[in-house]
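Okay, got some structures for you below.
Look for chain A in each of the two complexes below; its partner is chain B in the first and chain C in the second.
Then we have the complex of A and B:
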């Protein structure tokens, strides 16, 4: 994100070479068109063509309390995960930026390694931890804090816990980049100006990191909206999320039309959120 | 009673001593500069007054009251930093208003004060700009306005001009002097630039290795340096190696490497007979002549370099034993044969312009 701080000089080599600067992007662009744009368009077309031309799939989707509940679940989980990752990620990102290099490198390695570990392995690990006879429930029962196992799995609680963990690096990394770009002397100046720690945080730290928080939150929220594996493994059939619903419609019910409608709803919501983010924070041109 | 009293403060980081037993008293309204090379402890001392470092030993008293137990946001001290520290998300006016806003002053008072401060630094028309739209010099002037907005009795400045170019530095030095006169605020200023220190300060504390090497008016430090370090740091100096033949009551008789003897040279520091020393002469106190046998002390030299730098000529002269001596001469006084490289010349000086520093 810091790259965008550099003013784009009109005499940059790419600009002087004119349109040819675009050429390196073409292979990737071709790939995206081939494996993303075309299939998505095909699916969207099926949503208005199957079983018969018209908007009946959308009418079904928005007319069913079951499907609306899935949509509600999806938003609830994505929102909760985003809020919790901001609250948990901010102190970590801050520590990464100011800690002595040994500790910040160690913590950074932990964050990155957890991101690189196989997603299924991590999700199964949460199953072990969260189940009725899992480590968490047994520990709490042995301590006498609870008498019955807490329902931590096969519901939205389990999905939220698992996804918060998986999304945390996507919040920490952009936030860390933003915080690191702030000169610590600014906080010394704020302090001598008379700002308490709380005032320095609310009046200086938060405004200066807002773009990083927004970037991380957007990333986490949008990824959470469409997440599949973790909700499928840690969630319950009674509380599905949208991606699960789409998979079920395609795999079990072979209802490609309705699946396409659900996918379009997800895509439109995602794009709308992205637009809001652009409206307020531009293309990451704000600090960070 | 002194306004600000720094009493025997020391600061160690691990086993590195950054500041060692520094004491200093500053009067209200005074402009005192901490001058010294990097790592001499001058900034560390300033940061202890600001409250960013806690002294290992010693006390800092402002108007008789110790301020060490107060966090920096309660000390009511103003500070301008070396780096640009304006809040990038706030306009110029809002930056200046910041200290008043966190003090929850009424809006009318804030508006009036912001206007007054921007007028003080002559940036009224920039009130609505963002810091990124200002030049470095303008940013530091806004930082100065922000630091003075809450009428702090003490203003700290930590190399505020070091990121600016020379011409701009001089301009802002004039501004700082004017603002000091206009507001009467007590200023503690840190710099490694001796010209800046000389032009701004009432008194200079010259730091070296965590201690104050000498404290006094700029002219005192220049004309009566107490140690070789001070003589070397303030102004340009030549040091000619010599042997001390005799030492008596603040004066010494010495022998230069070419065998020429000088009598009754004023001594600074330790000078034992038989020991070695450095004979210090300022480059602008030297004179050249093609003739031998002029009155006063002198040595034979060869001109090895001459540079014309506007009002003055800068000469490099080589002594008979191979040492280099720097000399400056007003360009109007230099004759054509003075500036021919390789010419044999006689370098001489008034006896009272040379002094001896023991080693």
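Then we have the complex of A and C:
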């Protein structure tokens, strides 16, 4: 008799129906329903109920050039940040996977430190660096490269630089895992078959890492879409992103209906992208 | 060839150069803050004209900074305990239960982690307005608990799935009650999962700022809310001092995590 054959505690009626072990989940379920599901659904409902039942909030949102421009800004920044993090993150992940252990460990520690450092501390660093009299402008002027300080903050340039900084680790870590899982023998085979380094890169390495790149890119893109703090501090009032718009509609304009509509737009885009991710890459890989 | 650093040829130079630049991009802003927090220039001149501890003195002399620090710590501590407790129970249910819909339930529990936090912030603000929970300790704990719980559930479920259940069964065969076996055999077996659940839950609450901005009242502000509020006005070097302390905390937690991992391997 093996240990698993030992008769356990008598089974409850629920167990016989195949529904055992639900009770311990209840506290978590209660919390998530009360403090997450109900409030979010209530907010979304307000978009079709306030100020009067109907779809006028969505008509306002999609009919206004101001709000469409916010949507455009959001996609533009998220797209740029995604492209730059792929271009920078791929070589770094590659380096981490194969460099001598001292250097890869050092760089790995820097990536983790940067990722774990308080978000506000990192954003503060970029506010200091990018301001008119900041280190970057001063250095460029001292070098004689520019005569006037560049406008690097309170616009989308600042937001993009700061967000790229924050998103890079989320691209590097999953890509690193993908590259490490490749069998080096594949490249010996490619080499034996006469492939040059460039051919081995485009015909072997890129196809083998494509799913990792896509998973990392989708995650960075979707996180960037809903980001609030960094755009609020590094961006300007003239070029808002969607998360800031939602906050402003609630805090300054008290327009809950329109805020609910904007929130639904953000949620639908976010969930749609996650669905693509789940469908093609699975949940675990996406989190790296 | 491409996965052998020594045989990369000219590509090695390019790869090392990019790695160096990105490493600098990731590290220098953090070092800059640490340097500025000891610099004497109020205007954050770099390199600093002189060195001082003035910003740290300003920080520790200000009862409001101390109060927000304590508020954050208390909220994060309560959230950590509840998150690990509720997360542990939920993980047992999700990994060992046989009821239907476990996958869907797990997905629901993890959703707060992937949705844009600003949506949850606005939704909770509206909801808590009706319940008069904005600006209260309970409100902060509930809101941060929803954010922290997914981290607990992931860490503890993973540990439970790796844990060999036959060991627990063996304890029961040897005369332990099922509960006793769980407490004395299973919990020590998944301790690393519990510790990382605690660390991530603490950080999730400690660093949370978006929900806190909406919920905070003048009387009850967490540390991130106070930093955010100050940053909207000016780039005071006191923020550099606070940030440096936060960076030190991060580095300490990283070192602890690294030691844990080493401990686990030996």
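The definition used in the following text is that the second predicted complex is superposed on the first by the 240 of 288 C-alpha atoms of A that agree within 3 Å, B and C clash if a C-alpha of one lies under 4 Å from a C-alpha of the other, contacts with A are read in each partner's own complex, and residues count from 1 in each chain.
As a working rule, contacts are C-beta pairs under 8 Å (C-beta built on N, C-alpha and C of every residue); 3 or more make two chains touch, one makes a residue touch a chain.
Nothing here was measured: the structure is a model prediction, and the numbers come from that model.
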Legend entry - Which superposed partner A:190 touches (first chain B, second chain C, both, neither): both
Inset, instruction - Identify the partner contact of A:207: answer first if only chain B is touched, second if only chain C is, both if each is, neither if none is. - result: first
Inset, instruction - Report for A:225: first if it touches chain B alone, second if chain C alone, otherwise both or neither. - result: second
Inset, instruction - Using the touch definition from the top, say if A:199 reaches chain B (first), chain C (second), both or neither. - result: first
Inset, instruction - Please indicate which partner A:38 is in contact with in the superposed arrangement: first for chain B, second for chain C, both, or neither. - result: second
Legend entry - Which partner, chain B or chain C, touches more chain A residues: C
Inset, instruction - Examine A:125 and indicate which partner it touches, taking first as chain B and second as chain C; both and neither are also allowed. - result: second
Inset, instruction - Could you look at A:136 and tell me whether it touches chain B, chain C, both or neither (first, second, both, neither)? - result: neither
Legend entry - Contact residues common to both interfaces of chain A (with chain B and with chain C): 188, 190-191, 204, 287
Inset, instruction - Could you pull out which chain B residues touch chain A in their complex? - result: 50-52, 71-79, 81-85, 87-89, 98-99, 101-103, 143, 146-147, 150
Legend entry - For the chain C and chain A complex, residues of the former touching the latter: 1-5, 8-9, 11, 14-16, 18-19, 22-23, 25-27, 29-30, 32-33, 36, 43-44, 46, 86-87, 89-90, 92-94, 96-100, 105, 108-112, 114-127, 142-143, 145-146, 149, 153-154, 166, 169-170, 172-173, 178, 203, 207, 209-210, 214, 224, 227-228, 231-232, 235, 239-240, 242-243, 246-247, 250-251, 253-254
Inset, instruction - Please give the residue numbers of chain A that touch chain B in the complex, ascending. - result: 183, 185-186, 188-196, 199, 203-204, 207-208, 287
Inset, instruction - State the interface residues of chain A toward chain C in the complex, per the touch definition above. - result: 3-4, 6, 8-9, 15, 18-25, 27-29, 31-32, 35-40, 42-43, 46, 88, 91-92, 94-100, 103, 106-107, 109-114, 116-129, 131, 133-135, 138, 165, 168-169, 179, 182, 184, 187-188, 190-191, 197, 200-201, 204-205, 222, 225-229, 233, 243, 246-247, 250-251, 256, 259, 263, 266-267, 270, 274, 283, 287
